[in-house]
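Each structure below appears as structure tokens.
Across the two complexes that follow, chain A remains constant while its partner is chain B and subsequently chain C.
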Partner chain A sequence: MGLVIDLDICVGCHACAVNCKEWNTGGHSAPLPDHDPYGADAWGVWFNRVHSFEAGEGADGRTVHFPKSCLHCEQPACVTVCPTGASYKRAEDGIVLVNADTCIGCKLCSWACPYGAREFDRDEGVMKKCTLCIDRIYNENLEESARVPACVSTCPVGARHFGDLGDAASPVSRLVAERGGYDLMPELGYQPVNKYLPPRAPKRHAGSTGSPAQLKPADEDLSGAGLMLRWVDRLLSR
Partner chain B sequence: MHPAPSVILFTVLSGTGYGMLFLLGYGAATRLLPPDMRFGIAAFAMAIVFITVGLLASLFHLGHPERAWRALSQWRSSWLSREGLLAVATYLPTAPFAIAWSFFGLNAGIPAVSGAIAGLLAAATVFATSKIYATLKPIQQWHNSWVTPGYLVIALMSGALWLNVLLQWRGLSRPTIAFIAAGAAAVGLAIKICYWRSIDTTPARSTPESATGLGAIGRVRLLESPHTQDNYLLREMGYRVARKHSWRLRRIALSFGFFVPCVLAGLTAAFTGKLATWTALAAALSAGLGILVERWLFFAEARHTVTLYYGHRNS
Partner chain C sequence: MRLNPMATVVESVDLSPKVSDEVKTTTCYMCACRCGIKVHLRDGAVRYIEGNPAHPVNKGVLCAKGSAGIMTHYAPSRLSKPLLRVGPRGSGEFREIEWEEALSTATRWLEPIRTSDPRKLALFTGRDQSQALTGWWASQFGTPNYAAHGGFCSVNMAAAGMYSIGGSFWEFGEPDFHDAKYFMMFGVAEDHASNPIKIGLGKLKGRGAKFVSVNPVRTGYSAIADEWIGIKPGTDGLLVAALIHELLRADRVDFDYLVRYTNAPWLVIDAPGTPRDGLIARDADGHPLCWNCDGNAPANALLADLRPAIVGRRVLPDGSAAVPVFELIARRYLDPRYAPDAVAAQVGVAADTIRRLAAELAHAAFDQQIVLDIPWVDWAGRRHDKTVGRPVSFHAMRGISAHSNGFQTCRLIHILQMLLGAIDCPGGFRHKPPYPKSAPPAVKPHGSAHHVSPGKPMPGPPLGFPMGPEDLLVDPDGTARRIDKAFSWDAPMAAHGLMHMVIHNASKGDPYTIDTLFMFMANMSWNSAMNTPGTMEMLTAQNAETGEYVIPHIIYADAYHSEMVAFADLILPDTTYLERHDCISLLDRPICDADGAADAIRQPVVRAERDVRPFQDVLLELGVRLKLPALINADGSPKFPGGYPDYMANHERQPGVGMLAGWRGAAGARQGTGTPNPKQLDAYIANGCFWRQEIAPRNRYYRFANKGYLDWAVSMGFLAKADPIVMQLYSEPLQKFRLAARGHGPVQPPDRDRKRIEAHFDPIPFWYPPFEGELVHGDEYPMHAITQRPMAMYHSWGSQNAWLRQIHAQNRLFVNRATATRLGLVDDDWAWITSHHGRVKAQIKLADGVNPDTVWTWNAIGKRSGAWSLSADAPESKRGFLLNHVISELLPPQPDGHRYANSDPITGQAAWYDLRVRIEKAREEEAGETAPRFAATKPPPNMMEPPDILRYGAGFRR
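Take a look at the complex of A and B:
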């Protein structure tokens, strides 16, 4: 199971990060600590963070909002380096979790994660991370339509998709195939489950509406104007 | 990476202790080291104190030190677990060997075999420590083939330097130990120079472009951080040392950690009496200072790929 994040659609509103925090501070890994939340040195544990990047230069440049959470890798080094077995990847759905009762807080898993998915809870002395909302997606007390991770349920623009990426016929897998979904840092070989959909190419033409691709200034030709208007133009152009 | 004092202290101190134990184990078995009660007691006490204090220091790094025993369970996949098991296992043959050799002067049969096993386990523990770092792919400066040789040679050098101090103090000068120390220092110097050349010249494997997958659009730079204050990730992994400081500290590490000990340890083979003892002590203390700087740099110069998401470019 995993997420597909559409970087073409994300508007960078941080609603996914906020709803993640809200749900998870009462969920499986609760509480998610906050220290001095309104002060000068705010510090807290979040499972989902939205970075904003600029890519490319000038008219070809893009602003891309980039939500990042645990990618639930197929090759999770955070699990293999764990000396206690507190970090584990579930066989049935591939979700990577931490057992807070056996974690010794050595932090090695956070060093082994290239993506910064894990954050240390210094109040409890254990590592915490995205659970893919296991307490929502299998929660029979919720309506079926609500059984998706909190970040997905709250996204106001539909930039986040949840589903079975292990099934090539699932809607999320088809979406990845259609849109050229990709892995982050594939060179490290972690084989993340979560996929990112690239921003679509910018539109250079206005399409079928008949509008011009670019508006022309209307005031350059003064040949039809009278003496008075030309004089005003000269005065104002000075 | 944040240079945590507990981890620096652990790797330096326990590395020195394991280096001593390695040399004691094989020095006794090959009769290179003389079975002398005072030397034996001092040498084993020092090695065990260094190892134990180092291991305890590493426990302070944990969020739950009382659960540390759980770390012995995942030896099939985790180098940290293997290190823990080897560290505990090293104590077992060390105890009978230390008693038999120090108090009864036995350097054959079971004591010699247990000494050799203790030496092997000591070396294996340092090897496992180095592999914890060397297997972490997100940190290119650690995922480097010079890291493991560096850890092993520095442990051997530090151990030999302190044994040399104790031998000189007891008037039992063994030029072989002095030459092992000087030789290890020379090799260590070469390894660190190769290591720094390697990390300075190897282009970064991961970039902000590969981290975001936006390289097809163009060069990627951070527009807005997700948070206004440093979070755990930046405090733990965002540490950066200024390049000009880094160069100065490298020179300090090379001079005090390797060059000075190499020369002084070599000289102790020619000196006798108190002059030899003080020279050996100066060599060991110089190395201790230099290796603390070296280990601090090992962390401070290491750059984690998570910083790519925060506008850093790790090259």
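Take a look at the complex of A and C:
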């Protein structure tokens, strides 16, 4: 199971990040502590963070909002390096979790993760991370429609999708196929499950909407006199 | 296969943990969007807040602010008890008092002014969502000195829309995200509205429609636009005029639409020098005239089935000459000064781009016309088999509004929409009920001498829409009647008042002094003020002889220790939004959408455990103590003993019309109008705290002329009559003010104002450069400086929120990379931002996505040290800054020395986006901290100690 994130429409509003924090601070990995929350250097645990930056130059320049959380890799380096087995990938759905009871807080996993997706809770001394809302997606105490990760449920633009990326026929897999969804840093070989959809080609250039590059003047006379004459003859009905 | 020695240790994951004991619905108040929320409660505490999927505004989604509501609700900066000032004003020295003392103190101050001169009370509210109550209360008290924050937010948008199309962008209309093929947005960063625009943009782009964002800054919505037009601030009107020029030149406008639904064929009298010049020619009964080509004679332009001329000068039977509105419009915009080549340099957009945008608009509107299989009947009873749409939508907000040319610029956008035939059609800009109303709505402002009497209510509301000079609130010598000078010659169409001038005027005694300034949710000593340092001085100014404060009493209601608290004498602590009743009323700013009428309530979902009271309850209680007639029974007992919830259900504004439209009538079976239903709030709660009535598909478009809709609107109490509404390309009320400036009529402006009125009250919108830039030396202040609201904080106080401040705790000054290179600035430098009024220091961040002549920053991130329970070294106060410090509430002096308000000359809208600055690198030893910084404000007694570590939710893991 995993997420598909549409970079064509993500406006960088942070709804996913904050709603994730809100759900998870009382959820499976509760709490997600905040140090110095009203002070000089507020720093808290977040499972999902939005990175905003500019890319490209001139007319091709773009402001990019890039939400990032654990990608639940098929080959998770964080699991491989974990000396206690606290980090593990669930066989049934592929979700990568940390067992807080056996995590010794050595941070090897956060060093190993190339995506910076792990969050160390220095208050409890254990590593925490995105659980893909494992306490929501199967939760029989929630309405069926709410059984998706908090970030997906709350995203105002609809840029986040959840589903079975292992099933080529699932709606998320079809979306990835249609839109050319891609892996983040595929060259590293960790085979992330989560996919990103690239921005659609912007309709920026002449002709991209089917329109001509400019309108044809109905009358070349710049004084508008010719137009007035045309309009005198317009027969209009109220 | 990988080997893992501990692989046998298997975690047992609870896949179905209990989430909550109870889920209650209410309405979010983390911004002005008013989304429906579901609040999950566990052991009496808030476990989780999510969007309500059934709610018409947000349809289940929730933004960052709404999702952070828990942290605002539990913030340590919450006030906990009424406070009375004991030290000097501004010192922040208070003692806690009981509510009885608070209420009797307020009554002791207010009672004598009500019975002597009610205008001595100025009641101004900030991000108030209960203006249907607060405005009514001010009228009951008898003071015209009332407004909310619209004067510095969006009055240009509201007024320009109301006078043009009888509706407006944002609250009273929305782009048709479902059917638009081309969407153009002006001056909208991340806000207004929040979730509906995000939902809409996601849909729109998914359908492959083109999205153009015109904005000097490329953040937020602009980041996902197909095309970002990085315009120079304040020149949008020029761009729009050039688009209109191109459309007219190509004869690509919707004439059928114009003659049916706008005043395009109305005849305008051409009689220079006379008192009738520029007025609409009318018949003996006052009906506007057009020239009917059938019979070649003038005719009542409101009749159906005419064949009106749209151009051609005619001589009317009374001998006067007249020209159709359309001809005047066409001549104005065909003028070469609005040609793309003529405006390109000034707007900072290439002429070819302007020409292409015009072509794309025309292509979408006319070549991609959509036809819905929905028959409808127009006002004249004519059946239309299909509903035709021009799938071009516009939306505009702050970037248009906050300029001194914002009213006329917004009118220009409406003219463009009308010419394209794209208002309230499928794919266009669509009204939300209860709009459209007549353009403008028939509500006049009250507050003239015969409206204000000691001890008596005013006969109507303080705010409204003047139709001409006779509706102004001025004394015979032209002096303003209101403390903010709204509806005076300074700002004749100030439909939302001028909150930004209240403190200035009151401190100068201009036009008079007041006794009590009473404010709610308005941070007027900080981010809601222009000239913050000066405002703090005005709030504490004392009479040199008597030692009394120039503003003798200041009462302030707020839920939090905001910067304003220290400047009040009496603090009435409010609840959080989860602890109160509220009413999102159709009489105010409802939550309707284009397809349905809706309103909503808040209900308390958690109990306030501090000694605080909802402001609306307090206001009603004060009204009882002051014996306001509508709040007491004959025996003096309160009419609404149950407080605000009682008022919400049982108060009637007119017979059958109350605060809430759903479940009216004794049995709760009526919608819109009906007698009060004592169980109305229970019905709301059972329905998720909102009510919505869907409009029948045949009544959803062309509502200004749609018989079914107009009849329905009358039945719902939205309109008094089912008459068609004619949109106003040409705005006659403006011409009436202009004629007064030319020396006609009984109410004329003072001589000093004549030229200004004559120039700006043009009934046909035009572009003029924003004032500040014209009055300062361009070389000295070459840059424009503006702010944007961050999405995660827009309209919320923000910084007391432990989660949101981790996203934005310091605002940088964003400078275009090329410009910065020219100025010798690099990333992280500290620089001085200097305006004609003052200077402020900020840290630089280079960006490509900003107009080269513009610098910008996030709004309202900077905080005063000591406020909001933040530590003394919090980045918000140490490195965060406000541009407000360098924005003057006054314009630089005119040649005669007079200083007008820094406002739009028509509506009085605060022109804070007109700011001009220069940027200079700070010296090395000046780096590291913002300036000016103000002495730390002292927290009130017994505030909660902020924790070192917040472990919210730890207790839920069971």
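Everything below uses one rule, namely that the second predicted complex is superposed on the first by the 204 of 238 C-alpha atoms of A that agree within 3 Å, B and C clash if a C-alpha of one lies under 4 Å from a C-alpha of the other, contacts with A are read in each partner's own complex, and residues count from 1 in each chain.
Just so it is clear, a contact is a pair of C-beta atoms (placed from the backbone, for glycine too) under 8 Å apart; a residue touches a chain by one contact, two chains touch by 3 or more.
Keep in mind that this is a model prediction, so the values were computed, not measured.
Undergrad: Can A:T209 be said to touch chain B (first), chain C (second), both, or neither?
TA: second
Undergrad: Have a look and say if chain B or chain C is in touch with more residues of chain A.
TA: Greater contact footprint in residues on chain A: C.
Undergrad: A:F120 in the overlay: touching chain B, chain C, both, or neither? Say first, second, both or neither.
TA: The answer is first: A:F120 touches chain B but not chain C.
Undergrad: With the two structures laid over each other on chain A, which partner does A:W111 touch: chain B (first), chain C (second), both, or neither?
TA: A:W111: touches chain B, not chain C.
Undergrad: So, does A:P198 touch the first partner chain B, the second partner chain C, both, or neither?
TA: first
Undergrad: Quick check for you: in the superposed arrangement, does A:F66 touch first (chain B), second (chain C), both or neither?
TA: First partner only, chain B.
Undergrad: Do chain B and chain C land on any of the same chain A residues, and which?
TA: In the superposed arrangement, which is not itself an observed complex, chain A uses residues 12, 14, 17, 40, 42-44, 46, 54, 57, 61-64, 79-80, 82-86, 102, 199 for both chain B and chain C.
Undergrad: In the complex, go through chain B and note every residue touching chain A.
TA: Checking each residue of chain B against chain A gives 1, 61-65, 67-68, 70-74, 77-81, 84, 132, 135-139, 205-206, 208-233, 236-237, 304-306, 309-310.
Undergrad: Taking the complex as given, what residues does chain A use to touch chain B?
TA: Going by the criterion above, the answer is residues 7, 12, 14, 17, 40-46, 49-57, 60-64, 66, 68, 77, 79-86, 102-108, 110-116, 119-122, 124-127, 182-189, 196, 198-199.
Undergrad: Would you mind writing out the residues of chain A in touch with chain C in their complex?
TA: 8-15, 17-19, 21-28, 30-40, 42-44, 46, 54, 57, 61-65, 79-80, 82-86, 88, 97, 99, 101-102, 123, 134-135, 138-142, 145-146, 150, 153-159, 199-200, 202-204, 206, 208-219, 222, 224, 227-228, 230-232, 234-238
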